[in-house]
Amino acid sequence: MGILENLYKMTAIQDFINNPGYLLMLAIGSFLLYLGIRKQYEPLLLVPIAFGVILANLPGGGMGVVSADLINLDADGHHTKNLLEIAKDHGIMNFLYYSLIKTGFLPPIIFMGIGALTDFGPMLRNLRLAFFGAAAQLGIFIVLISAIALGFTAKEAASLGIIGGADGPTAIYTTIKLAPHLLGPIAIAAYSYMALVPVIIPLVVKYTCSKKELLINMKEMDKKYPSTLKIKNLRAVKIAFPIVLGIVVSIFVPSSVPLLGMLLFGNLVKEIGVNVARLTEAATGSILNTATIFLGLTVGATMTADVFLDFKTIMIVVGGFLAFAVSIFGGIVGVKITNLFVKKKINPLCGATGLSAVPMASRVANDIALKYDSSNHILQYCMSSNISGVIGSAVAAGVLISFLQ
Amino acid sequence: MNEMGIALELLGVGMVTVFVILSLVVILGDLIIRFVNRFMPEIEKAPVVKNTTSGSEINSKKMAAIVAAVSKITNGAGRVANIEKL
Amino acid sequence: MGILENLYKMTAIQDFINNPGYLLMLAIGSFLLYLGIRKQYEPLLLVPIAFGVILANLPGGGMGVVSADLINLDADGHHTKNLLEIAKDHGIMNFLYYSLIKTGFLPPIIFMGIGALTDFGPMLRNLRLAFFGAAAQLGIFIVLISAIALGFTAKEAASLGIIGGADGPTAIYTTIKLAPHLLGPIAIAAYSYMALVPVIIPLVVKYTCSKKELLINMKEMDKKYPSTLKIKNLRAVKIAFPIVLGIVVSIFVPSSVPLLGMLLFGNLVKEIGVNVARLTEAATGSILNTATIFLGLTVGATMTADVFLDFKTIMIVVGGFLAFAVSIFGGIVGVKITNLFVKKKINPLCGATGLSAVPMASRVANDIALKYDSSNHILQYCMSSNISGVIGSAVAAGVLISFLQ
Amino acid sequence: MNEMGIALELLGVGMVTVFVILSLVVILGDLIIRFVNRFMPEIEKAPVVKNTTSGSEINSKKMAAIVAAVSKITNGAGRVANIEKL
Amino acid sequence: MGILENLYKMTAIQDFINNPGYLLMLAIGSFLLYLGIRKQYEPLLLVPIAFGVILANLPGGGMGVVSADLINLDADGHHTKNLLEIAKDHGIMNFLYYSLIKTGFLPPIIFMGIGALTDFGPMLRNLRLAFFGAAAQLGIFIVLISAIALGFTAKEAASLGIIGGADGPTAIYTTIKLAPHLLGPIAIAAYSYMALVPVIIPLVVKYTCSKKELLINMKEMDKKYPSTLKIKNLRAVKIAFPIVLGIVVSIFVPSSVPLLGMLLFGNLVKEIGVNVARLTEAATGSILNTATIFLGLTVGATMTADVFLDFKTIMIVVGGFLAFAVSIFGGIVGVKITNLFVKKKINPLCGATGLSAVPMASRVANDIALKYDSSNHILQYCMSSNISGVIGSAVAAGVLISFLQ
Amino acid sequence: MNEMGIALELLGVGMVTVFVILSLVVILGDLIIRFVNRFMPEIEKAPVVKNTTSGSEINSKKMAAIVAAVSKITNGAGRVANIEKL
């Protein structure tokens, strides 16, 4: 009889009976897998996140991220367990989470890779459109205010708002710094809504833009009011740009350095080209891919039943959507206001893409424009505000961290 | 200051900062382009590969011939990414 | 005179005179290199392990792994030096060993890579043969019992027995958890006997299988008793399988999650295909290769003279061989018993491959079958039990860890 | 319980568990196949590449022709690992 | 008014006003970028180092490496903050610096990659020339003595001298062990002078070698006095060489094991070939490239304004140049002395390349030889002393660490 | 001993050690070559490829032919990134 009893104690059956929340979390993890695999929602991140959710909610498996209270050795978290003690007491997933995520390490590393995959060319060719990457940060702050009104702390509200930056690593980095206990749902909301950009942008555009505005043809505007500034030496400009930009932005928003600095380093390395091709290869290949796997698994593993099944999770789902919508709205309104004052009109879709979610948002905007006028290719124009939106949300994140941390 | 006051201040500070920074992006981009146009207008050649260890020893004449051939055949749409001696 | 004296003190000559065991260990390291390079015994692991043995036994080089007693700051090992202190006090090899191995990090990471290289297709097509991956775990437990009888502690005996799982990362993971002081010899025995599978399987088969049994033709059995179950959508099955299997197995043996969970995550990513190809590439490329180098070097570096030159090492060499042989025997007997009750007979070689040691064991079994009947290709059948043997030993490891840790 | 008692219990628990789990593997595999056969029997197409940067759009006929050509020239010793559109 | 004040406090403008040294450092970082990008001075390392300098000197960005005093918890540095505490208190750049550099981890890892890219073939074919890799270490010790005379401590002077080894990882490793506060300037000096080898070697050769000496034709000498020793089985020799060399050198200079051991391990793996191709690929690919990025960034990030703008930095720039020049001189004098006693004369350029700086030094020497006699191809001969110079400086580093640490 | 004394001792010890070690390199290299020449003189065959994917041995003529073929078939849209022997 003892053997059967021991056998039963070894299994996790009693844990599921005691806490059926685990089963619900396994269902949620499976649903996220479905979204990632079948619906192809940002699969590169959603699949590891979903698997992390599943691993974390297999009771007895020891793969769930534990609260920082168990790591801290004093009340203010200044003195903590070391990594070996974490691995011994809480297993490898906590070892990974506390060394790679809690330290704020992986998001800047992923930004380095994204930088090395980014081409600032379209932005440099349509510089004035880059401006709308600012207007499209509105959702961040509007949702921040709303969330505080609903009882979130300022730090939690800022983490919720930053979903409106539509940029995964930025959202994760900000949440790590301000409200790590909400990391799982915020990361999932951010990536899910990025995958839903083909739905959200048309929705907002439908209620805010007239047909006449959507028919504005950017190429004809360019012919009518040609730019006086031609780029004679694109390579030199592209090399100088990340260096100068990095230094100047950092002087104004120092707390954006870990994110923006690494993004621009990655970009610089890529633009230098063949002499440092080894570095570009590492930044966009083994480093980025490895970081993506571990970011996904550990972020997913923060979503244990007790943390996730909370009223705040629902608020994050709702608030994240609002943040996206308001940011798109902000970009569109920014264009509308600008159009009041300039002769060279701008298609409001080029404001909507200020959201970021590169390059999906630009593709979606281009498709909308083509629906109204099959000759109105605006992809290159959208890419300008689209890329600048990444800078915009990193700057917004810097402001939030600087004021709230 | 209460939480809502902080929130409103963040709205102000945040949006102002973002607008300032992206204005700077526009201005700096413009200045860099003008600077480069004035002082380094020539289309730089891609730098010669130095200190590489790949051990490619196909000589430059052959390389040129290959590149030319590929370019001709492909109407310039193809490039020889890498030829290694086997 | 002082200079020459100082020069002499700088060298390690006196260390070799004081402890000739170092020389013996260098010879053993060189012999392992010979096996890996010339005999091509699992060179991917044996070469780094062998070099690690050499590095660890160069006195004064500071590359040998030190006992956990020097790392622990209290008696029960709950409070330890941190990684910076380890690097400072004991050098980079201990820094690597304690951060990558002692934490249990690398074996699951390697399992992720192996999962992404594994194809469950042959198993899904011959599901009932997967059952024999269970019978072939017998060697683990028989050797465990024998080792206890000979005076090993239960934890040591379990680590010795797990060699019979014929699976490197599983053996290493179990030993890290239960008896880290035996890590070096157990890892080497595991990989060496895996390389010796072409010798061990024929030996056991020779003494246990009749010619008539070895002539059983699996393809003709399939024609005679065709399976009613055809797989209509292999891709969907291959995607669902690792998810469902992972969840269900984890409920029964939670302590197998770190190993099996990562194996199945790697496999899932591979089966999803092009959408997450970057992750598959990382899991099977840079991550797996890097993990292999550091696993090999650090495991080898645990084999310092004082640890290795011990009576237990010889017992591990003998016991490891026994564990392999008994596991193969178990698989064969499992088939023989099954054949008593079914009409659709099974070639006992398909039981022998339950050992795992993928895919070497299947190739060896196939060669034996072809020797008796040159038309009897059984490779695909053997692969079924062969792959399920990996699951079997991970489960066995989970049971051992769960009961003994 | 003495060490040998533990060992014997482990033999029992371990082998039972392993047999149970691998039976589950057989049963679950069977159920998954049946489930998929019933509810998603169509041979799914490989998903369309989304958000990828490789942009390989050489169609399969051309690909087949290339592979055939390479195979012929190399007597089957070569394979085309990857063709990218530039 | 409060908002504007808070906005101003968020920026780093006041920091630049308080400490204009930051601006100077940004200019220095930009100048190093210019050298790396435009002048192509060792861009693989100088670009990340330069960007690290820039990141570290953006006040408020938290990317500068802080003094070990802030990490140590007691006076002798035996007890330190753990990595999580470092990340929390000092940001990710310190997390990277203290885990990857301060531990001495990255230089041996880079040496493993360099080993796997090194071919000992030219050295084995011209073994006696390898001897001049010894004479060309003279600069290390001469500059060490000079630096002590000028008031450097012995540890600082040794770190300065090791620049004369003309080998980046060796210089960095030695400095980490002996004088980590000088890491930035020493690494930059080492890589800059390696890039300046095409200027420094001709300069030294001009003042030390006669035309007659430079005309010595190595190939004709080989025909006149043919070697009796032919290599019949190059592969076997190349596999045995790193193993035997590693063991024997380690017995004499145990403290060179972390560097030389890893170099020879990388080389061994490469020479074994296809059976361990995965390991070679990792060592020369993802591991080496990733290590290069993080080494560069973190070494650059040690160069904060207060550390760099110091009298010692200028001494390092001057001393580093001297060390290179004296090492080249040592190699040349070594040949001249040898030529007094042998009939088979040696071109002194084959001594100059004992400096190391592989393979640039050999190419430069070959070019000089060809200028005097367009048929006098000496590249393969130079490569012998060139490669042995790497061993020579690693051995010298081992001696310095062994006596001074 | 004062610092300068240490420095001079290091000059002595260091240069002696470096000379001794590089002499050993020469001697050991010589001995290994002689040993191998005597006991394993045959040109070993490269080990049979086991479980690897590299091992490309397609000669350059064939390569040229393949490149040309691919280029032609794809109208220049494709490039042969890598050809591996199977």
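Assorted remarks:
Chains here go by letter, A, B, C, D, E and F, matching the order in which they are written, and residues are numbered from 1 within each.
Here is the rule we go by: contacts are C-beta pairs under 8 Å (C-beta built on N, C-alpha and C of every residue); 3 or more make two chains touch, one makes a residue touch a chain.
Only a predicted model underlies this, so the values are computations on that prediction, with no experimental measurement involved.
Among the remaining chains, F is positioned farthest from chain A, on the basis of C-alpha centroids.
Should one ask which of A-B and A-D has more C-beta pairs in contact, the pair is A-B.
Using mean Cα coordinates as chain centres, the one most removed from chain C is B.
By the residue-number overlap criterion, the interface of chain A with chain E counts as different, with under half of its numbers used by both chains.
Note: centroid distance chain C to chain E, computed from Cα atoms, is 40 Å. Distance between chain B and chain E, defined via averaged C-alpha coordinates, is recorded as 29 Å.
With each centre defined as the average position of its C-alpha atoms, the distance from chain B to chain C rounds to 47 Å. Of all residues in chain C, those touching 2 or more other chains are 6, 10, 40, 82-83, 252-253, 275, 285-286, 399, 403, listed in ascending order. Multi-chain contact residues of chain B, defined as those touching 2 or more other chains: 9, 13, 17, 47, 50, 77-79. If you check the complex, the residues on chain D that touch chain C are 3-4, 6-11, 13-15, 17-26, 28-30, 32-37, 40-44, 46-47, 49-50, 52.
Listing the residues of chain E that touch chain A in their complex gives 6, 10-13, 16, 26, 30, 33, 37, 40, 43-44, 47-48, 51, 54-55, 58-63, 82-85, 87-89, 91-92, 95-96, 285-286, 288-290, 292-293, 297. Chain A meets chain D in the complex at residues 2-3, 6-7, 10, 40, 42, 117, 360. Residues 123-124, 127-128, 130-131, 133-135, 137-138, 140-142, 144-145, 148-149, 153-154, 157-158, 229-233, 235-237, 240-241, 244-245, 248-249, 252-253, 273-275, 388, 391-392, 395-396, 399-400, 403-404 of chain C touch chain D in their complex.
Touching chain A in their complex are the following residues of chain D: 9, 12-13, 16-17, 47, 50-51, 53.
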